[in-house]
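Below, subunit A partners subunit B and then partners subunit C, in two separate complexes.
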Partner chain A sequence: MQVRLEQVTKTFAGSKNTQATAVKELDVTIASGKLVGLLGPSGCGKSTTLFMIAGIHDVSEGHIYFGDHDVTALPSDKRGVGIVFQNYALYPHLTVWDNIAFPLLNAKEMKKRLKQRFAELSPPMANFKAYIQRLVEEAAKLVELTAYLDRKPAELSGGQQQRVAIARAIVKNPSILLLDEPLSNLDARLRVQTRDEIKRIQKQTGITTVFVTHDQDEALSICDEVIILKDGVLQQQGPPQEVYDHPANQFVAEFLGSPQINLVGGSIKANKLYLGNEEWFALPESLSDQPVNIGVRYENIRPDRENRKQAFEATVTSIARTGGTSTVQVRLADGQPMRLHRDSDDVLQEGDRVRLYARPRTVYIFNAEGEKILQC
Partner chain B sequence: MKTQFARKFAVYLLLTIAVSLMLVPFYWMINTSLKSSVELLRTPPTMIPAELRFQNFLDALIKAPFLRYLSNTVFVAIAVVAVSTAVTVLAAFAFARLRFRGKTLLFFAVLGTMMVPQEMLIITNFMTVSKLGWMNSWQALIVPYCINPFNIYLLRQTFKQVPDELYLVSRVDGVSHFRYLQKVVLPLSKSSIVTTMILSTIWIWDSYAWPNLITTDDGKRLVSNGLQNAFTSDTGRIQYELQMAAATMVIVPLVLFFLLLRKYILSGMDKGGLKG
Partner chain C sequence: MLKKKAARQARYDRSAYLYLLPALVLLAVFLLYPILNTFLTSFKNEYRFLTGEFAGFGLQNYADIFKDATFGRAIINTLFIAFVCIPASMVAALTISLLLNAIERWQGFYMTLFYLPQVTNVIAAGLVFAFMFNSNFGLVNTVLGWVGIDPVAWIKGEGIAASPKLYYEAYARCLFILFVYTVWQGISLKIILFMGGLQNINKQYYLAAKVDGTSSWRIIRKITLPLLSPTTVYVFITSVITAFKAYAQVISLFGSHYGPPGDDSKMMITLVGYMMDAMGDYLTPGSISKASAAAMILVLLVMLVTIVQFKLTKKRVHYN
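Up next is the complex of A and B:
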């Protein structure tokens, strides 16, 4: 099911009549059947957005549509969404089986619907209990927990607990699955494993999924599309590679990518770009003279072996070798640092003078407000 | 090492003294309950009865209204615990989870009643009860004990410890408030609920002034009052040995009850596999 937010704003009443705007005039469309990442630093309004989609929070202004249906005023239990939290939120006193079956057996509406579906089954099943059993087992199988149905949550690893939570959310066959930082409580190894699991489960079920995270690496690696927020305001939306290669502004450029993009002070003078004080290259468009920040990712800076006109000089200040690649730090003529990746077998030494270059289309030019003014 | 030992020693010494002081009345009660009426009057009093007279317990039991009083108390206690637990659980859940106008104000009002000494309320409660025509009735013995602000406060705190996310998941899944309370909150708060039940039981078991005031009918008297006047002999002498035997019999069930459920009272909330 497609989810569309139209000019959605959320303000919280603070103490002493103050108001805090957590989400501001958000306009996004989440395509049906996709895994979409809601990405941004902590406190930027991701959870608030998710809770509004779930119906846990009211919308202060604007509208939310599921398909063509305006659900803005619909209570959360009528929305048909499944939700998963960072802390798993499993019922600690119940077994895995009981946890997964909980929404099937304890929600009136759901039970009524299931009874109806049960009556229309073909071929028919012997009894309703067996039908529930089948649904629970299907969900458990999907998250690969069939062997653990009799355990209590405390007897499972964090990754397994989170998979139980996912099973509980999808057993009721929701039209939308909402995941609020589902991996944040897991250790690094489990995090990678579980995130791939989420990708697989999403593809297998085809449920429209919103995946909230503050970890750009997580979002970029599994999502079909990412939505980037900052202070409750939409920064950019698009496929991961697209937003990575064409960041809309300095915030997005800095937020995405690890290690963080190089940002070097420079200026535009007479339609020429200056890196520090040195002329770098002529701009293809005419732009007014101004100080700028120049962003170049590590992997886009290369040694110049062909004496290109667009190369610049730098001095190697340190080399950190880690396995196959090493991170080389250099100093520009005016002293500003810059970093790049090289193969570890490169014969660079500290103190070496090197000529470097980057293709103009991998160079982002931001004005003083952090807006991108040019990417060739 | 040494100072740590010294500290521990001091703490244990203090606790031992405190426990001994607490146990003196119990000891005296049991001591007295086993004496003969002759030995009882001896001065100085004997620390250990010369001859253990268990017969006192039988005599106390068959002394006309005592069993009756005891069964009255048991009946009232069961009724109070049943009703007040229901009231407490529902009120605590409302205060912990639901959102409604004036919640904070109402909660402080409930807490406020805790600050008012029971003795001050007796007069007004007495007038209310007599206007309702409830003198000498079971209602008068039960209803005033059904709302227990401390228990409401205690359970509210316990319920608040159940993570918000459990509630939110239930809501999103379409689970009603009542179902959520029944299937999630109650099982997770078992020990605190048992604690409130015990506190209610103790409260009614040893309350004295109120039942004494509103029951004149022997058929409705509770054991706490009955102990006072059931053991006066025809000559006007109070039969202390029988009274103490009866008191022991009244207290023992409560102590046993407490010991058996100690695990619940002392263990905090079972938070199981919740993290974060």
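Up next is the complex of A and C:
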């Protein structure tokens, strides 16, 4: 189901009549059946947004639509969302089976819906209990936990607990699945494994999924689309590669990518871009003279072997080799540092003077306010 | 390697015991010794407290107290307090705590209100209670008067010895007052403990349940109560101990003769009251040892109830 947020604002009443705006005039559309990452640094309003979609938090202003249906005033249990909390919130006294079955055995509403689905089953099943049993087992199978149904959460690893939480969220066949930092409690190796697992489950079920994370790498690697927030304000939305290659502003450019993008001070004078004090290249558009920040990713900087006009000079100050690639730090003519990636068998030496080069379309020019003013 | 490690561990252990020594000595002197001594004394026949003489070990003291009608009353009253007041006050405290936990405004105010009995003196509050049940100008009779009920002679024992009917009616009234007071007195601590337990439950369980459309009643039954169970067990055990030690409230409500004015059967005496009386009578040979025997019975009862409780709830208590 498509989820649309229209001018959604959330303010929390703080102590002594202060107000804190956690989310501000958010306008986003989450396409049906997609895995969408809600990305931003800690405290930027991701969980708040998720909780508003779930109906746990009221919306201060604006509207939320599921499909064509305005759900802004709908209580959370009527929205048909499944949610996985950051710390899973598995009931510690219940077995995995009971945890997964919990939402099914809940309210009258749920029972009614289930009974209806049960009645429409083809081929029909003999009894309702067996149907519940089957739903729980199907969910457990989807997350590959069939062997653990009798265990208590404390007897499972972090990754397994995570999958129980996912099973509990999808067992009631939600139209939207919400995941709040589902991987943040896992160790690094498990995190990569589990995120692929989430991708698989999402593809297999086709449930529209919102995946909250502060880890850009996570979001970029599994999401169909990412939504980037900063201080409760939308920065950019788009497919990961698109957002990575065409960041809307300096914040997005800095936030995405690991290692962090090179940012070098420079200026525009007479429609020419200066890297530090050195003239770099002529701009294809006319822009007013101003100081700028120039962003170039590590992988887009290469040694110039063809004596291009658009190359600039630098001195190698250090080389850090890690496995197949090495990170080379250089100093520009005016002393500003810059880093680039090279193969480890590269012949560069510390103290070498090199000519470097980046294709203009990989160069982002930001003004003093952090807005992108040009990407050729 | 392993040997070395074991040796080091032993050294650590030794120094740990050394640090613990002062505490252990104090424990031995002030706890272990009195317990053992009481245990031994309870088996000394015709034990004289002042000289320490006794006529051999035996079960004489136990036989004596079990033949004593006052001891029978003490046991019955104590069990009454335990089996009526513990469930009543626990259910009341739990209900109040669940309600308090559900409200947001004024929570602190109500908690202070409910905590007040805890900081008032048991004796003083008991006197106030006794006064409330005064036949002539007590608050209870005044209120009953408003709804057209004749004044009740709540705490009255004159002329009851002759008629069992009158005796048991007076007894029932006194028990009622004792129960009300005991529950009132014990409820605050239980509320505080339950509130602590409730607030320790992660709020996300409730959020998850809410998104799943769980009804409030099911949330309480399936989430709150199981997760609160360690607190409940703790409250229960401390309640058992407090109930079996009941004494001060009886004294403050009914005076040192353990009954309404005019009664001389020690109608409302408790186990601890029985022990106190026996100890006060220390010049009589065998009196202190009878008190010791009563104390051992008390310990036995508390242990019994606690063990039964553990066996019954073992499966249903969830410890993290």
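Methods note: the second predicted complex is superposed on the first by the 376 of 376 C-alpha atoms of A that agree within 3 Å, B and C clash if a C-alpha of one lies under 4 Å from a C-alpha of the other, contacts with A are read in each partner's own complex, and residues count from 1 in each chain.
Everything below uses one rule, namely that contacts are C-beta pairs under 8 Å (C-beta built on N, C-alpha and C of every residue); 3 or more make two chains touch, one makes a residue touch a chain.
Because the structure is predicted, anything quoted here is derived from the model rather than measured.
Once the complexes are laid over each other on subunit A, subunit B and subunit C cannot both fit and instead clash.
Using the contact criterion defined above for the overlaid structures, shared-chain residue A:N106 touches subunit B and also reaches subunit C. By the touch criterion defined above, A:G232 reaches neither subunit B nor subunit C. Of the two partner chains placed by the overlay, neither subunit B nor subunit C lies in contact with A:G266.
Once the two complexes are laid over each other on the shared chain, residue contacts for A:N185 go to subunit B alone; subunit C is not touched. Of the two partners subunit B and subunit C, more residues of subunit A are touched by B.
Look at A:P247: by the touch rule set out above, it reaches neither subunit B nor subunit C.
Of the two partner chains, both subunit B and subunit C are touched by A:G55. Residues 54-56, 76-78, 81-83, 85, 87, 89, 91-93, 102-103, 106-107, 109-110, 154, 168, 172 of subunit A touch subunit B in one complex and subunit C in the other.
Interface residues of subunit C facing subunit A in the complex, by the touch rule stated above, are 202, 204-205, 207-215, 218, 222-223, 226-227, 318, 320. Subunit A makes touch with subunit C in their complex at residues 54-56, 76-78, 81-83, 85, 87, 89, 91-94, 102-103, 106-107, 109-110, 154, 168, 172. Residues 163, 165-166, 168-176, 179, 183-184, 187-188, 270-276 of subunit B are the ones touching subunit A in the complex. Residue ranges of subunit A in contact with subunit B, taken from their complex: 54-56, 76-79, 81-83, 85-93, 102-103, 106-110, 152-156, 158, 161, 168, 172, 185.
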